[in-house]
Amino acid sequence: MQLKVYLSGEIHTDWRDEIRAGVKAAGLDVRFSEPVTDHAASDDCGVAILGDEQDKFWHDHKGALLNSIRTRKGIEDADVVVVRFGDKYRQWNAAFDAGYAAALGKSLIVLHGAEHAHALKEVDAAAQAVAETPAQVVSLLRYVLTGALPRG
Amino acid sequence: MQLKVYLSGEIHTDWRDEIRAGVKAAGLDVRFSEPVTDHAASDDCGVAILGDEQDKFWHDHKGALLNSIRTRKGIEDADVVVVRFGDKYRQWNAAFDAGYAAALGKSLIVLHGAEHAHALKEVDAAAQAVAETPAQVVSLLRYVLTGALPRG
Amino acid sequence: MQLKVYLSGEIHTDWRDEIRAGVKAAGLDVRFSEPVTDHAASDDCGVAILGDEQDKFWHDHKGALLNSIRTRKGIEDADVVVVRFGDKYRQWNAAFDAGYAAALGKSLIVLHGAEHAHALKEVDAAAQAVAETPAQVVSLLRYVLTGALPRG
Amino acid sequence: MQLKVYLSGEIHTDWRDEIRAGVKAAGLDVRFSEPVTDHAASDDCGVAILGDEQDKFWHDHKGALLNSIRTRKGIEDADVVVVRFGDKYRQWNAAFDAGYAAALGKSLIVLHGAEHAHALKEVDAAAQAVAETPAQVVSLLRYVLTGALPRG
Amino acid sequence: MQLKVYLSGEIHTDWRDEIRAGVKAAGLDVRFSEPVTDHAASDDCGVAILGDEQDKFWHDHKGALLNSIRTRKGIEDADVVVVRFGDKYRQWNAAFDAGYAAALGKSLIVLHGAEHAHALKEVDAAAQAVAETPAQVVSLLRYVLTGALPRG
Amino acid sequence: MQLKVYLSGEIHTDWRDEIRAGVKAAGLDVRFSEPVTDHAASDDCGVAILGDEQDKFWHDHKGALLNSIRTRKGIEDADVVVVRFGDKYRQWNAAFDAGYAAALGKSLIVLHGAEHAHALKEVDAAAQAVAETPAQVVSLLRYVLTGALPRG
Amino acid sequence: MQLKVYLSGEIHTDWRDEIRAGVKAAGLDVRFSEPVTDHAASDDCGVAILGDEQDKFWHDHKGALLNSIRTRKGIEDADVVVVRFGDKYRQWNAAFDAGYAAALGKSLIVLHGAEHAHALKEVDAAAQAVAETPAQVVSLLRYVLTGALPRG
Amino acid sequence: MQLKVYLSGEIHTDWRDEIRAGVKAAGLDVRFSEPVTDHAASDDCGVAILGDEQDKFWHDHKGALLNSIRTRKGIEDADVVVVRFGDKYRQWNAAFDAGYAAALGKSLIVLHGAEHAHALKEVDAAAQAVAETPAQVVSLLRYVLTGALPRG
């Protein structure tokens, strides 16, 4: 069994690398996808390719629409969508991705610290699992793929 | 033509009342639905009906799942989903609803102040309209239903 | 707001009547549907209408297929599917209905005694609410439709 | 032609091994998937990975939700879902899987002893075939893939 | 409960009238639809409205496409599709409608004499009921709607 | 039987009025919808409601997105989509609507002069009927609803 | 580009072999599937594997249901469904397959002699192409895959 | 990550070659598909394979239906549909493809000169990106696949 996993949300810590490394170490058959995680490129891609905008709103809009090609492809192809909520920024796009994934019937794993539990209760309620650490996500994927539990 | 409109998001200002009043004054055929907007009831509904939980996480979880019956019904039945982002709280459930609506192909109207434009660019990029005031939403609905524009 | 509710499962106690009465007393706009609850008619309908079968398997098969016209119509039209598990019989058809409803994305309320919680954990995990009494189901429907909680 | 087959239901006998062995001996192109069949791991996976729960209900709930990632992936990817009903336990999850598969339009093969025929009539009525032995399932898969019948 | 029933197939006997009369006599809430049953109009509608064709193939084609507007509307709106196979003609359009309805997940009732059972086995296998007489179809609809069986 | 009909395309002749008048005269049960047909309002609606744009592209974009709320609602609710191609302008939005309707499986009636037949062959090939005059569309709708043909 | 093609219908002439041979000679990337074409096996498969039936109707029923696993898999996986109507038998299953394929939005090629054109007009009206010979079907597939036309 | 890209629209300039060459030079994992771009073959394919028609309308119709097998396969399999509007002809089929793709939820890139912006505003409003040159499309695809922006 192979799982296709989309890693959505926070782009300012290395949680994706931790999950990738853990999955690799465990020898699991997982195919990852993710948004463009270079913040500057992600913000400016629209105007960089399609031409400048004077109005910041349309600058952002062109970029966000372009990024949506990759995001939608990633979510729609995925079996499991992991959404990470970090400590900075509003991260409304992460919650948007979670809603998008839920409406498509994708399995959802939400990854966040306990301090955000109340604010994320509607997102968590749509999830198959709520994890606090990338290591837990690796354990979840290992269990789903192999049935093996962490040694106690 | 009748429009079914779901009013998602902020529950601490009277923006829903403004839209309802404006739509009524304009004589438009709109059927509204919305989440339970009583904050305390919305937080405690799960345990109030189904029994107490010691753990706050499950207290929240029971309530969020119960609220999702109404939220999903509202969004799935709607032609248009209006999502309001206010100034307080994280409002991840509003962004979640927007993503859910977008994935179902609903027409989306996002309502927020200009100061949130950058943080909401992915949500706005999925929308048919981005408004700043409830009065604009009323004008939008009037135009969609009747073709009439505001007098300049 | 109107809710269409399908009442699936146990046919040997009067739980459906309790819910109907409670909903009526609360003045809620709910449209119920349900399977044929006359056990003998439900078992024999196929042969009674379409002709006898010597083999019990086909006797049952004709009836079950005929009953599925009503069951599928009820579930597919519903916003909410309530599935009751009682104390007698295997009730595999109730669990089948729950799976069918879950796959269609229907909101699911499971109604059973605490003694069945472990055996029903996969069904409960797909549900928006797990209730123990018909009165709780009435309270749930009232909250979903009106936002009102039971008085403490 | 390749068939993807999900093997749902009973986890206390070796019926899956019999089918796998028969399919291998027949040289058929079948890709199997199945739930985690280690009963203890399946029961405890949620708390083992995501942390303990004091309440048995939530202990079960976390595990059941986590298991649903694998179960839904398996059923949704399958061409054929085989559901085995054995003699022990209530097996409501097996019936739930059958309903889930039926709603998705999957071909369904139900495997059970004749003594359960009446109780399973609604499940059987949704199936393409009702078998009593794993060997029959192998014969069914062989016929579907190659057109060959068992030698009489 | 109301049922929407599409009456497909044979147009040279009065079986539709028998079903309508029986349903009316039984006081059932059924909304019927059906193809245009005037054979000449049905054959010539395309050229009568849109202009003559020299080639018989295109004469037929224009008519068949035009009739498909009504046929598809009828089947797609229906809860139950009844397909009648009579004794004359090839009736490939009846079997086509049955396949179309089955693929959409509609409940299917096939109505034919026993002499056609072998030739219709694939169609019957997709059906919820196989009836021989219009009176049986009335009984079926009555049972589905009211749970009442014919008096023995 | 009622038909919901969306009238897409050309907004500079009175073809919609002709169809409405003909349908009314024939006493047919048709519910029409259509885009906003006031050219100036349709072009400027976005900026008139949501604020000016300096760039003509975004001026148009805001208007087109807003109009899409009505257009998509109209097409998605329709049983039949009539698309009229006139003599002026590029009318790419008419062809876009036709493609949109075809992908949703709507019945499509294309209305255009013979001189456009070659250029519209891909659109016509997706249609149930190709008409040259509004009167023919009225006859088509009458036939679909009543089975009556024009008197020769 | 690869095409997946399901070859439905007549099983008493070698038209499938002609198409396979022609496609192979043309070096096209086509993956074929088809029903079991051994008439006796197809009729008796149900009882041969799952046990005898006294009643011919159920003998047929078990076989037809079992065959539907392969037929549905073939049609649902196909890009193009070719349906051949020959001169013998009623061939209602071929028309059923055509309707099933049409409802799923599959491209449909109907293959029959001119003498059946009137009786098949509804089926032909749902098709992308109506061919008279297997060689034409090969030419169609070659054109779709390569753009090459037969040399005149 | 691999992208499947369908290149729709204008067939009289070499824009497809430019995109293919640019994608190849950039080493991107893109699988292209496209309509038959030989204008004469595309116009005459129907009659060349299936026999002459006297009436030009049906000559065109047979060809357009046959071409739709390839077009629909290409669009339905694609992640991204690029639609090019050139300077010649009406190009209604390009706009039709855009509408078809939009209704299926495909990511859409529209490629046209600024002079067509107003006429294409409804099409552009459904797109993730509006480009003016094939080189921009290559840059878009590179960014989507790799996150790399053009060097400024």
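To keep things simple, chains are lettered A, B, C, D, E, F, G and H as they appear, and every chain counts its residues starting from 1.
We take it that a contact is a pair of C-beta atoms (placed from the backbone, for glycine too) under 8 Å apart; a residue touches a chain by one contact, two chains touch by 3 or more.
Protein identities per chain, from UniProt: A, B, C, D, E, F, G, H = YtoQ family protein.
What you see is a predicted model, and the numbers here were worked out from it, not measured in a lab.
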item: Equivalent interface positions on chain E and chain F, same or different at half; value: different
item: Equivalent of A-H within the choices A-B, A-D or E-G, defined by over half of its residue contact pairs recurring; value: A-D
item: Maximum centroid distance from chain C, chain identifier (CA atoms); value: H
item: Centre distance in Å when chain E and chain H are each reduced to the mean of their C-alpha atoms; value: 41
item: Distance between chain centroids, defined by C-alpha means - chain C, chain D (Å); value: 24
item: Distance between the centres, which are taken as Cα means, of chain C and chain A, whole angstrom; value: 37
item: Residues of chain C whose C-beta touches two or more other chains; value: 65, 68, 105
item: Chains grouped in pairs wherever the two touch, ordered by label; value: A-B, A-D, A-F, A-H, B-C, B-D, B-F, C-D, C-E, C-G, D-G, E-F, E-G, E-H, F-H, G-H
item: Residues of chain A that touch chain F when the two form their complex; value: 53-55, 58
item: Footprint of chain E on chain F - complex, ascending; value: 1, 3, 79-80, 105, 107, 127-131, 136, 139-140, 143-145, 147-150, 152
item: Residue numbers on chain B that touch chain C, as the complex places them; value: 33, 36-38, 41-42, 44-46, 48-50, 62, 65-66, 68-70, 72-74
item: Complex contact set, residues of chain A against chain B; value: 56-57, 60-61, 63-65, 67-68, 71, 85, 89-104, 116-126
